[in-house]
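The structures considered in this document are given below.
Presented sequentially are two complexes of subunit A, the first with subunit B as partner and the second with subunit C.
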Partner chain A sequence: MLIPEVRQKWANPINTITIGATPEEGGTRTRTVTVGGSTTLPFLHFEGKIPHRPALAMEVQDITPKDWPEILGEHFSDVWDDPGRWAKKCVDQLGADLVCLRLAGCDPDGENKSPDEAAVAVKSVLEAVGVPLIVWGCGDNDKDNEVLPQCSEISAGERSLFGSITEDNYKTLVALCKADGHKLIAESPVDINIAKQVNVLATDLGLDPKDIVIYPTSGALGYGMEYVYSIMERGRIAGLDGDTMWAMPILCDIGKEVWKVKEAVSDEIAEWGDQSQRGPLWEATTAYVYLLAGADILIMRHPKAVSEVKKYLEKLIESK
Partner chain B sequence: MIFIGERINGGFKDIVKAIKEKDKDIIKKWAIRQTRAGADYIDVNIGAVSNKVKDYIWMIETVQETVPTPISIDTNKLEFVKEALKLCQKTPLINSTTAHDEKLDQLVPLAAEHEVGLIGVCMDEKGSPQDVNRRVELAAKIFTHAVEKGLPPERLFLDPVIMPLKFLQPQAANVLEAIRQFKLLSDPPPHIGVGLSNISSQTIESRLINRTFLVMAIEAGLDAAICDVTDTELVNAAITAELIKGEHIYSDSFIKAYQAAKKPGVGD
Partner chain C sequence: MALTGLGIYKHLPKTNCGDCNFPTCMAFAMQLAAKKVSLDQCPHVSDEGKAALAEASAPPMKLVKIGKNSHELLIGQETVLFRHQEKFHHPTGIAVKVKDDLAEEELTNRIEAINNLHFVRVGEEIGVDLIAVEHSSTSPQGYARVVKKVKEMSDLPLVLLSPDPKIAEAGLEVSAERRPLIYAATGKNWQQMASLAKKHSSPLALKGESLEELADLTQQIKKLGVDDLVLSVDGPRVADTLQDLTRIRRLTLSKTFRPLGYPTIAFVTGKDPFQQVGQAATYICKYGSIVVMEGTEPWKILPLLTIRQNIYTDPQVPNAVEAKLYEIGEVTSHSPVLVTTNFSLTYFTVEGEVENSKIPTYISVVETEGLGVLNAYAGDKWSAEKIGKTLEEQKIKERINHNSVIIPGLVAVFRAELEEDFGWKVLVGPEEAARIPSFLKNEWKVTS
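Right, the complex of A and B next:
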């Protein structure tokens, strides 16, 4: 029997985005990270091109995290009072492609650090490592609009990835990133329509759609992951089909979600098995699923999860 | 939706003047206006103004030196089509063949060889179709001929032939039903396109009729139209109809999102 032709030819490739700039490009990075550019759905090598491997970022914060479980603390407590040293460990010892500096310390309900302090943290990470940066605010719109301008200016030309803009708060960050040559994370609350709308709003202000990475919000395994998966899949199909407002690479914030769910964190229920295995496995499994849904950048925390996902990725890329 | 701008046509007085006086500005103005309005193709039709191929070539060259939008080669003269194909820079559309054997034998191989699109109008030497079945019969004839000669469904546009609502009212409903049946010819189906403005010929509420009919035809399965692309309400209604059918992902600024995807250079 003749097997029918199943290969599809898509109208549009997914946008290619390069994060980080070398000295020749106006920055100080020793290497850059390029993602996107696919002309097919994830890992369908027989159908189209997948020119760039998804990238793994490891998370660093500007404060010693209070809510990270011991299983993470045992890997990072020696460095987590210093974002520069923490970042260096992630890159030199754990193989991170990028560092995500989350400015959790700026949260007005927490330590309420100043814009100056945040800028110092950005600077120290830039000096400590040569990989590109993701700089993510604390999530409070007003505070982020005070803090991120300083962080953007101090790293002008570095082509970092800044987060995040939302439907209600995008003007400041769009203007900043255009001025300082950074890229942007466009965030939406597990909503395919709002994801598109944020991109329309940002590009309407003159931002190049190719400077945007979509963050559709992530959920951990067991916590709404399938909703996010279907949004990513539908959005990616639309992007490949010619919808330029869904043709961006996608970022998933894995560690932040996984390391707050009891299945990863709890060591109180004996029948759940060894937490030192289960926790990283929960993070890696969540990451595997999002890679298959189309993720281009993953932000992760546990070293073992990162190394397992890297191995898995190499196999997926080799499978062509 | 594939929009084909109808305005550069020898049926319009300003275009007659442009051709006779070789006034490029008039042609250029409509090329730009229609491109800005989102035309995927610029239809170029010399009408009865001249039967010289060099005048037709002049029209196409004038459009091409102004905008990057592909041309819809709208003529019933084979010689004109052949000359136009030689100079089109972007993949054009041949507008059109009928189901007449002689026309099919000339134009289908030409479209297949040049890898361009072809509009197949569902009429033949016996004239225009008066009911649904005749339209489907002619569509099937054109479709079969195209597939046999190597023109794939994605480059074929079937036209069920719109007639003026004012004079042939029952034909409007026949066209809608024919569109539904054309969709069943293959999977994926061929494109289905119409010359929209015929529906409102000599009516007072022409824009309202065009707009309403286009939305209904899109619901039935239409995906291309030769129309007044500078009529913003018409174009926006079509985009909205496709949105309601689920062909685009909703966003509050869905018109802007659609336009962003249509910027020249994207997806061609």
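Right, the complex of A and C next:
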């Protein structure tokens, strides 16, 4: 029997973005990472092109994290007092495509590290690894506006991905990244219109939309994930339909959310089964679901979760 | 599904007699298309006309029932491609396999393990929905014995997994009254399988090499009077299955392509548990009506049940509990008071931890329009003032002989105002509910 055609022709491909610059391109990276470029929804090879596999970043911090559970500590406690060594382990031993340096130590309510110290951390990671960097502030607007300029300058030309700009705080970072040749993470609180609005504000200042990655906020499996999932699907469909303010690749910050929820962290509930498997599986599963909604870059923590999501991606990116 | 006025008009008598209280058949057809009237209002439609219109107005994806009575699973009749367009209606059934070559004790253990794959999340029971009995090596009698055992030990609906009609028949003979899903009719055995399905009025899964073959099979089998069908989709790779499931869903909903307008079943493959869960996650999110899993480890099943719960919640309905004072355990005037929001997920997470602590506790739930702690704060749905007033309305001070209230760590900013304006002694609790038990044990006692 003849089956009707259900291939959809979408108006617009998702933007392609390359993070990291090699020496020929003005940076020092030995590898770059390119994501985006899809002309269809996730993994629908019958309909369009998916030129780049989503990328996996592993998270590194500028301080020894205090709230990471033992199940993560057992993999990182040998290196987590030194962001450079920590990053190197993620890349050399654990296969990270990118390193995300989160400047948690700069938080004024925490260790309140100085911009100089942050810049040293950035430098040490750049020196330790050849992969591109994501540099993420501590989330305090004023402090980030002090810290990130130094981090941007010291890595000018590296084409790192800096985060994050929001509706209320974008001017400093947009100006910097334009000047120093970086890319930007545009953050919004699980809201399709605010996500657009941040992009409008940034591009009004002259930022190229192709330099933006959307971070629509992430929630862990079982803790609000479905809201984010649907925002991502709606946004991705809008982007493919021709909305240029949603045509950006999407980033999900998963480890940070997963490694505080009970299902990942607790070994007290016997009925839930082996935590050493359940923990990383909770992170991997959160990742699988976001990949199906359109994620292009994932920030993750547990080595097993990272390697399994990679395997999963290999199977989804190839087809008959 | 949506039949146009013109499409309906074709099947009306076209006499414009007016007995339906509309001046013309066309006018009546338009009203019918808009679902404003029902077909019985025209006394003159022919039987063929009725049949054609019933067929055409049937939902594009069939609803199929597996199992009987209180233990039935309904799958299919989905109406959208994406949950934000409306909602998904019938949650993916999660099946776990049992093989028929297990030794008696192993079999018993396995069925028990499957029965135990039930959890409570967000105040809702979630669990495995089906047991799939897979034929491997035994005789028809051996297979029937295992099916019987499964049936005796578990109320879950069954899937009989064998391409051999003799085996399926043996299984059906001992379980037909439970309406098991027969898996599967193929290009080779479909006549025998369809007659078994007909004889026992059981739903039947179909397996083809391609969507084209599946469509041919459904049409042939339908002619034999069997229409409770489930399409088996398993491409060689997870990406192929995902794409076939997507094509079927689109064909059904965008093209009303009836030959494939049925629910689906997909299987996880391989031995690696993380990859099995990856496959199952894919099919739960993307259009699998049943997913057949391997293994009974709860750490593998819990994330799948959680995805299903997430993806199948209705995005248009705020998931809220009643905003009132809850008493957990045998509360007394010394019991602690926790404040939280009326988002179901928030409330039940907190309630679960209070139960874990085994310390009788009051939970004062504030009306926040179904938003969680930070969302209610960012969306101006609660404030120190609102909490203060709620505590007054709930008359909590009449029940306790202390003056302390515990607020979520994420809204520590409420503390000063609650203390100054409402006279409470405010304890800022942890940011995560998981730390509530240790907080109540260690810090609450000390400070109260």
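Basically, the second predicted complex is superposed on the first by the 318 of 320 C-alpha atoms of A that agree within 3 Å, B and C clash if a C-alpha of one lies under 4 Å from a C-alpha of the other, contacts with A are read in each partner's own complex, and residues count from 1 in each chain.
We take it that contacts are C-beta pairs under 8 Å (C-beta built on N, C-alpha and C of every residue); 3 or more make two chains touch, one makes a residue touch a chain.
These figures come from a predicted structure and were not determined experimentally.
Student: Return first, second, both or neither, reflecting whether A:I194 touches subunit B, subunit C, both chains, or no partner chain.
Tutor: first
Student: Is A:I250 touching the first partner subunit B, the second partner subunit C, both, or neither of them?
Tutor: A:I250: touches no partner chain.
Student: Does the superposition put A:C100 against subunit B (first), subunit C (second), both, or neither?
Tutor: Neither partner.
Student: Is A:R234 contacted by the first partner subunit B, the second partner subunit C, both or neither?
Tutor: Touch partners of A:R234: subunit B and subunit C.
Student: Among the partners subunit B and subunit C, which is in contact with a greater number of residues of subunit A?
Tutor: Result: the larger residue contact count on subunit A belongs to C.
Student: In the overlay, answer first, second, both or neither for which of subunit B and subunit C A:L126 touches.
Tutor: Neither: A:L126 stays clear of subunit B and subunit C.
Student: Scan A:A57 for contacts with subunit B and subunit C and give back first, second, both or neither.
Tutor: In the superposed model, A:A57 contacts neither subunit B nor subunit C.
Student: Using the superposition on chain A as set up above, list the residues of subunit A that contact both subunit B and subunit C.
Tutor: Residues 234 of subunit A touch both subunit B and subunit C.
Student: Over in the complex, which subunit A residues touch subunit B? Could you list them?
Tutor: My answer: residues 11-12, 192-194, 196-197, 199-201, 203-204, 209, 234-235, 238, 242-246.
Student: Provide the residue numbers of subunit C that touch subunit A in the complex, in ascending order.
Tutor: Subunit C residues touching subunit A: 82-84, 116, 119, 121, 211-212, 215-216, 219, 235-240, 242-243, 246-247, 250-251, 254-255, 257, 259-260, 272-275, 277-278, 281-282, 285-286, 297-300, 302-304, 306-307, 309-311, 313, 315, 345, 372, 378, 432-434.
Student: Considering only the defined contacts, which subunit A positions touch subunit C in the complex?
Tutor: 1-4, 6, 43-46, 189, 221-227, 229-230, 233-234, 237, 260-263, 265-266, 271-275, 277-278, 280-282, 284-285, 288-289, 292-293, 304, 308-309, 311-312, 315-320
Student: Going by the contact rule set out above, which residues of subunit B touch subunit A in the complex?
Tutor: Listed in rising order, the residues of subunit B that touch subunit A are 248-253, 256-257, 260-261, 263, 266-267.
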